[in-house]
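What follows are several structures.
Both of the next two complexes hold chain A, though its partner changes from chain B to chain C.
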Partner chain A sequence: MSWAQAALLARGLSRGWGGLCGAALRGAPFSQVAALALRGLHRSAAACSSDLSLVPSPPESQRRPVKVLEPHEELFKQAPGGERDKASFVRAVQCFGQQDVRRRGHVDFIYLALRKMREFGVQRDLAVYNLLLDVFPKEVFRPRNVFQRMFVHYPRQQECGVAVLEQMEQHGVMPDTQTEFLLTQIFGRRSYPMLKLVRMKLWLTRFKNVNPFPVPLHLPPDPVDLAKLGLRHMEPDLSARVTVYQMSLPSDPASPEEPAQPHIVGTPVSSAGIQSPDQQAALARHNPARPIFVEGPFSLWLRDKCVYYHILRADLLPPEERDVEEVPEEWSLFYPMQLDLEYARSAWDDSEFDINEVEEGPIFAMCIAGAHDQATLAKWIQGLQETNPALARIPVVFRLAGSAGELLTSSGMEEPPPPRPEAQEEEEVPQRQQQGQG
Partner chain B sequence: MALVQKLLNGTYILRKCPKASAAFCPSLSFRVADYCSSSLQKSGPAAKKGSWLRKSEGGLQGRHQEEVAVDLPSPEEKPEVSFDRAIEDEVKDHFKRLKDEIVNHWIGPEGRPLHEVMMEQAKVVWQFRGKEDLDKWVVTSDKTIGGRSEVFLKMGKNNQSALLYGTLSSEAPQDGESGRSGYCAMISRIPRGFFERKKTYDWSQFNTLYLRVRGDGRPWMVNIREDTDLIQRKNQMYSYFMFTRGGPYWQNIKIPFSKFFFSNQGRVRDVQHQLLLDKISSIGFTLADKVDGPFFLEIDFIGVFTDPAHTEEFAYENSPELSPRLFK
Partner chain C sequence: MSGCGLILRTAAAARVCRALVAFTESRRPLRTSPRSATFAKELFLGKIEKKGVFPFPEVSQDELNEINQLVGPVEKFFMEEVDSRRIDQEGKIPDETLENLKKLGLFGIQVPEEYGGLGLSNTMYARLGEIISQDGSITVTLAAHQAIGLKGIILAGSEEQKARYLPKLASGEHIAAFCLTEPASGSDAASIRARAVLSEDKKHYILNGSKVWITNGGLASIFTVFAKTEIADPDGSVKDKITAFIVERDFGGITNGKPEDKLGIRGSNTCEVHFENTKVPVENVLGDVGGGFKVAMNILNSGRFSMGSTVAGMLKRLIEMTAEYACTRKQFNKNLSEFGLIQEKFALMAQKAYVMESMSYLTAGMLDQPGFPDCSIEAAMVKVFSSEAAWQCISEALQILGGSGYMKDYPYERMLRDSRILLIFEGTNEILRMYIALTGLQHAGRTLTARIKELKRGNMNTVMETIGRRLRDSLGRTVDLGLTGNLGVVHPSLADSARKLEENVYYFGRTVETLLLRFGKTIVEEQLLLKRVANILINLYGMTAVLSRASRAIRLGLRNHDHEVLLANTFCMEAHLQNLLSLSQLDKHAPENLDEQIKKVAQQILEKRAYICAHPLDRAS
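Right, the complex of A and B next:
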């Protein structure tokens, strides 16, 4: 548009349009000046009068809200048939760079590009940030004498540079040597963006590995893999085994409980379960007279994805029914089976907290299921029975909440209450009836 | 109560609110919203006799600074407000506190015998076994700056734990100055003594913070604030991350005090120094991980203990590039 602007300016200057020149001198952005010039053109073509006061015409449509595009927003417009990805973003940025070697309006363009990054999915891409920093004209904003160094030289541009780095920091992108070189070229070594870069290099490296339970940056797209990752994330016992249970396709017309299938017809719902050997042993020891409960769904957040899991647990035994652990006899003479070493230094070494910790019943297994209804979970229980034959004799009670409802269990976890209250379903499905055994 | 406070403290409460909703992530730049804590609310005899201050519905929600004053009693309740009686009760209560403080001073620090305090290696500071334990905490969210997150605190199952739950929404408020939003926080109230004097915790013998929590996998931030009477200290705090694992198992999180980094006005500062434990005023948990959605955190208790294996004094060294004046 620069040629059009130049032509209009020339015309304006030659005809002495005071309003136009006044607007240009005041520093109004070029689009406004161009609009004024266009309106002036139309009117002078009709009347050919030399009125110096340009009264801007009132806006035409006041009813529907007109979305005014920002100055360079049309560069980011989606081409028909094209999609918003890194290539189109890079093309838009390069297009701006090629339009004008002086990069007029680059600060606004960079702010706009920072806002648009999320739509194009490039907010974690270092190369794109470097490209964006490349938009700044080089060597212009470096202070050249002591007075420029004393005051913040080109403060708006420095703020813009800091904003780019701040967005990088927000998304956890670590700057590299090219970023540093670009910033040195643009702003000089003793500028605010450089200072921010030094701080980022320090603090981002300090906090890079601070999470003791790290979750990978790119989560697996497959829900079963995500479920396995989630289960491993939750279970502290490393010897626990993850099993994937595949549901069968709903192709059998004879079974009457088909209409409750929660998934798209033809897609099997699979769930993944996890159980450690200690939990297996505890389940084997469990008294069949006491029921065990399937509770859920509880939410687990992995970065920005939420998965829901169910647990199989039993209530806490009242104190009188708790067995005393028997000391097994020593079956190995090479090393002792039980060591009871007192590591405390002396009688006053007491680092126990003076509080009774919350006691809850044992948890036997966990699963992340494709659907939160009883049929899928019943399949999980059936799958568990293969490794825990004792489960066949124990009654299982399903205590499922709605989509994210509050549980009314006597012990256990709680869900955040949903906006609409859901009734709690509770069904007793004694396993012996399901098995139909004699 | 409000009247007494205003008489004594004047505009103290209004200006220097002890519970600033400090910016959660140290590197964010929007303004720190100050709001007054609900330290104006009080449990005890004054409240039972229908004092002027009512706990509102979300009674633990901190308010914005403008709404500091007494809230109106609901029309259903007819409080028997007797001005003289209320004042009498307040004064009696405060003198009782004074007496306790003087007597406790003779027994030992914080009213416990000296040998017990000195030998102590693990101390439970906050536990959640009843409603009165919840009163020691305030919850805030970015509603104070116009955001949309919600947070609530209630007792968990069997009154054995506290559940902090809500929804986080990172939609920025359209007020022209906030670029980002989305945080929720739970902050402990500063314990008050005689005539609302602030009392501080002295954890100088301990070196690790112990939290027994059960979360949903979200990363939280633990913030410790020191004595906030000075204006310069109003927005300073020491923070560290608390990563919850998620899952049905209780998680014991131990954070040594040497790991806390210093931040002022929501920004991590170049000059880092270690957290001094002799005048701690409050602790807070903040969630601001930029992910929208519901969250919950169940807390069993919070304690401090001495970890004899931990010998680090401070985890962060100052660099001459960023803070050259320290190295002159």
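Right, the complex of A and C next:
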């Protein structure tokens, strides 16, 4: 019943939505669209920055020179010892509730709290959002007659409620029945926050599992674990084995440029590689006369973290050099493996052709290393040689790009290259090549 | 008249024909001579090769007496002395039982008489199989010994090898085992790792390797072993090829693992066999050096037909036992036998038993005809049909019996366990379906090459002819392949079924032609299509067998032939409908054909290696 009402309301209100939206966003709607599109591609740090949310940034911060405390800021400061966690956040919100029975300034407080959520690490916590909504006084903003219902009743408060929901949406927090209950208590059924909630309930569930390659919510902090995760994420073959070739060494601040390990150059370096049995077999079959290439770094976004990987690949064999897979004469003891007929599949039954299927050269292995210089990657190749003896005879060419993220073989990706990570070494020369590594 | 062709066959049981037997048996080398196209292959061309199939093969009165004399004591022995339950529990056939089996001559059923065996024909071997099937473990032990273990010596052995090994094998003094399977090689001959290397003095092969799941591996003294040897090609290159060896346990270096603990046929001995630097004299090469692949294929192809009669014998006893139960057990003041759902199960068991019996003896009869006909497709069809029917019927029998079927106090659960292996060994049913379909398609493809080439080139005459025929077919033509009518070979009371068979055969031929035109040699990759082709063919063969047998029964006035007619007609009706469905699925863009969806489901699951649906209780929020 309530949903049907809400749906009707949604249709009715959609006309008025534009005006509110414009008011709330304080920016051109187009920029919002572009930003959303970007967020669709990578759920990354950019998406979480506060300038995209409906939360108005404090005017003071733009002026900068004088640091003035916002109202209620002291509530979030009073945590002793600077401990910033859920408990202190909840305490701050509760303090506000106890300060004043009329909840004076609650809209400002909620905006401030929304901005502070990331700091306290509670931006994905549904209970905290419900607690924030609970700050609104109940029953006050509910429209009581048809005229109130016709126009936006208490627009500033409704806007604030929408902002809370908007931030929930950005962090992928699904509202629950308590959220709905609170909103009906605060704004009533026919209100913009409720409309937002209905839409969230409809769409968030549909988008929650839309990614066929889900990334865990909490990424491992250890770079080696992260690298393993990234490699597994890219490799479709479940038989593939991840090998850690080198654990990161604690950097020694006293002698950053140790002569024994010059390639580490002060940064802790680790590298993990992945190779499936099929790739191993393909590498063993590779003609040693043709060089193979180490290419990279290419970027891979895992939520808000970016890792860079390298691949070991070869060029596609020209058609005349490909050896045709022969069916041995005496293979199956039980049934003929091939028919001795002169004719093959008719053209109209040949569904093999696929416009999306572009032939590429084989990829033999992938690795994620802490540093992207040639010396580190050479170590990876050395490690690979233990399981792939054939690699010793094949010349390896290093094609390391200065700027990450562009495929060297093709015309390049549509996206502009992401900013270079700080870990990457400046000394890398673009297109540096070296023959006969290993 | 029907027996005239059979008089000439290798009627070894007749003592007077000893010389003739020796002559024909010794002349049975690897079957490489050109043979007449057999029944199953002609079906692929939409034709029914009546010769050899109609009338149903018969044995002479002498032979019948002979076999009945033999069957009597064997049956008595199995009824009185074989304790299947004990064999199953102890996981071993008692020594005295084995001794008695040897005394009965059951270790040399098909070994020619001159080498001390019984020298029975295939038909009589099938008849004995019916009785031996009382105990699964003994059946498998005997089959591993003579259907594959020593078969190589009979099929490909030289005179010296036969004279040396067969007498002791036939008497059961030595038991044989067939060593082909390896940890890495099931049906893939290329991955055989066992290796035989010629010694310096060129008198011995040094054999090394391991074989797994060898039936009789722990009992056997003589092994037929397949191993890779290096063969110098005429052009100078050296190739690895498979060679078959006769290996005696006394050659040394042979060890075996402990007997495997199995689901069923627990009394049979299955274990690993390891060969370590076993010295095999060059005289013990079976067949040609490098010709082991053909030897293995011939042994495997020749052993399959007997499963039909074996399973039929078991089903017949099962029907007796369950019928006894169904007619005495009362529920709601009614016997179980009065309930329709129970009656249905008996009809099913009887029908399956009848069909597989007919197929099996038809195939045996064809094999016994002179000229060494190649009946490997037919034998494979018998194996596939009978193994699947066995599993289905025993499962239904357990349904009839309810709870007692599940208890170890009764023999039914053991039968269920024992029968499961039938679908797996001697070539899994999946692989045999590929064999059935591909061998037939190869034959049809060769015959139709000229036509298909002209069609592909766009020869107007051929194209118009084909289109005309299609038009005529689609307007509903009556197919007459000469089974019915005045000169027909099928009795009029089966005429309806015969016409159904003719129609199926005709349209099957058309479909095969279309498939070849569409896929050519790449049809090897279309396994789901091949499965349907094989299923249709098995049904067609079954229909032919029952029509032939029931016609004969009516004409001779055998007892209860009206019951046979009933069974034959019900089977033909069902098979006809199944075939129509399969044929329509073989059409291009058939809505009944779900292959693409099936493949997609499997791919998505196998990519993740798990069941990927969300749990029904999962929520999005």
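Throughout what follows, the second predicted complex is superposed on the first by the 275 of 438 C-alpha atoms of A that agree within 3 Å, B and C clash if a C-alpha of one lies under 4 Å from a C-alpha of the other, contacts with A are read in each partner's own complex, and residues count from 1 in each chain.
Throughout what follows, a contact is a pair of C-beta atoms (placed from the backbone, for glycine too) under 8 Å apart; a residue touches a chain by one contact, two chains touch by 3 or more.
Note that this is a predicted model, so its numbers are computed, not measured.
S.K.: Please indicate which partner A:Val122 is in contact with in the superposed arrangement: first for chain B, second for chain C, both, or neither.
M.R.: Neither partner.
S.K.: Just checking: does A:Ala240 make contact with chain B only, chain C only, both, or neither of them? Give me first, second, both or neither.
M.R.: It touches nothing on chain B or chain C.
S.K.: According to the stated criteria, A:Lys208 is in contact with first (chain B), second (chain C), both, or neither; which is it?
M.R.: A:Lys208 sits against chain C, while chain B stays out of touch.
S.K.: Could you tell me if A:Ile311 is touching chain B, chain C, both of them or neither one (first, second, both, neither)?
M.R.: first
S.K.: Identify the partner contact of A:Tyr335: answer first if only chain B is touched, second if only chain C is, both if each is, neither if none is.
M.R.: A:Tyr335 contacts chain C only, not chain B.
S.K.: Give one of first, second, both or neither to describe whether A:Phe298 is in contact with chain B, with chain C, with both, or with none.
M.R.: Touch partner of A:Phe298: chain B, not chain C.
S.K.: For A:Asp176, decide between first (touching chain B), second (touching chain C), both and neither.
M.R.: The answer is second: A:Asp176 touches chain C but not chain B.
S.K.: In the superposed arrangement, which partner chain does A:Asp349 touch: chain B (first), chain C (second), both, or neither?
M.R.: So A:Asp349 meets both chain B and chain C here.
S.K.: Which touches a greater number of chain A residues, chain B or chain C?
M.R.: B
S.K.: Touching chain B in one complex and chain C in the other: list those residues of chain A.
M.R.: 206, 236, 349
S.K.: Under the stated contact criterion, what part of chain A meets chain B in this complex?
M.R.: Result: residues 166, 169-170, 195, 198-199, 202-203, 206-207, 210-213, 215, 230, 233-236, 298-304, 306, 309, 311, 313, 348-355, 357-358, 360, 363, 366, 404, 409-417 of chain A touch chain B.
S.K.: Across the complex, what residues on chain A touch chain C?
M.R.: 174-176, 201, 204-206, 208-209, 236, 238, 328, 330-346, 349
S.K.: Applying the document's contact rule, which stretches of chain C touch chain A when the two form their complex?
M.R.: Per the touch definition, chain C meets chain A at residues 180, 187-190, 241-242, 293, 296-297, 300, 427, 431-432, 434-435, 438-439, 441-442, 445-446, 449, 452-453, 456, 516-524, 588, 607-609, 614, 620-621.
S.K.: Okay, in this complex, where on chain B does chain A touch?
M.R.: 27, 29, 119, 121-124, 127, 156-158, 160-161, 163, 165-167, 210, 212, 214, 216-219, 241, 243, 245-250, 268, 270, 290-291, 293-296, 298, 300-301, 303, 305-306, 316, 319, 321-322
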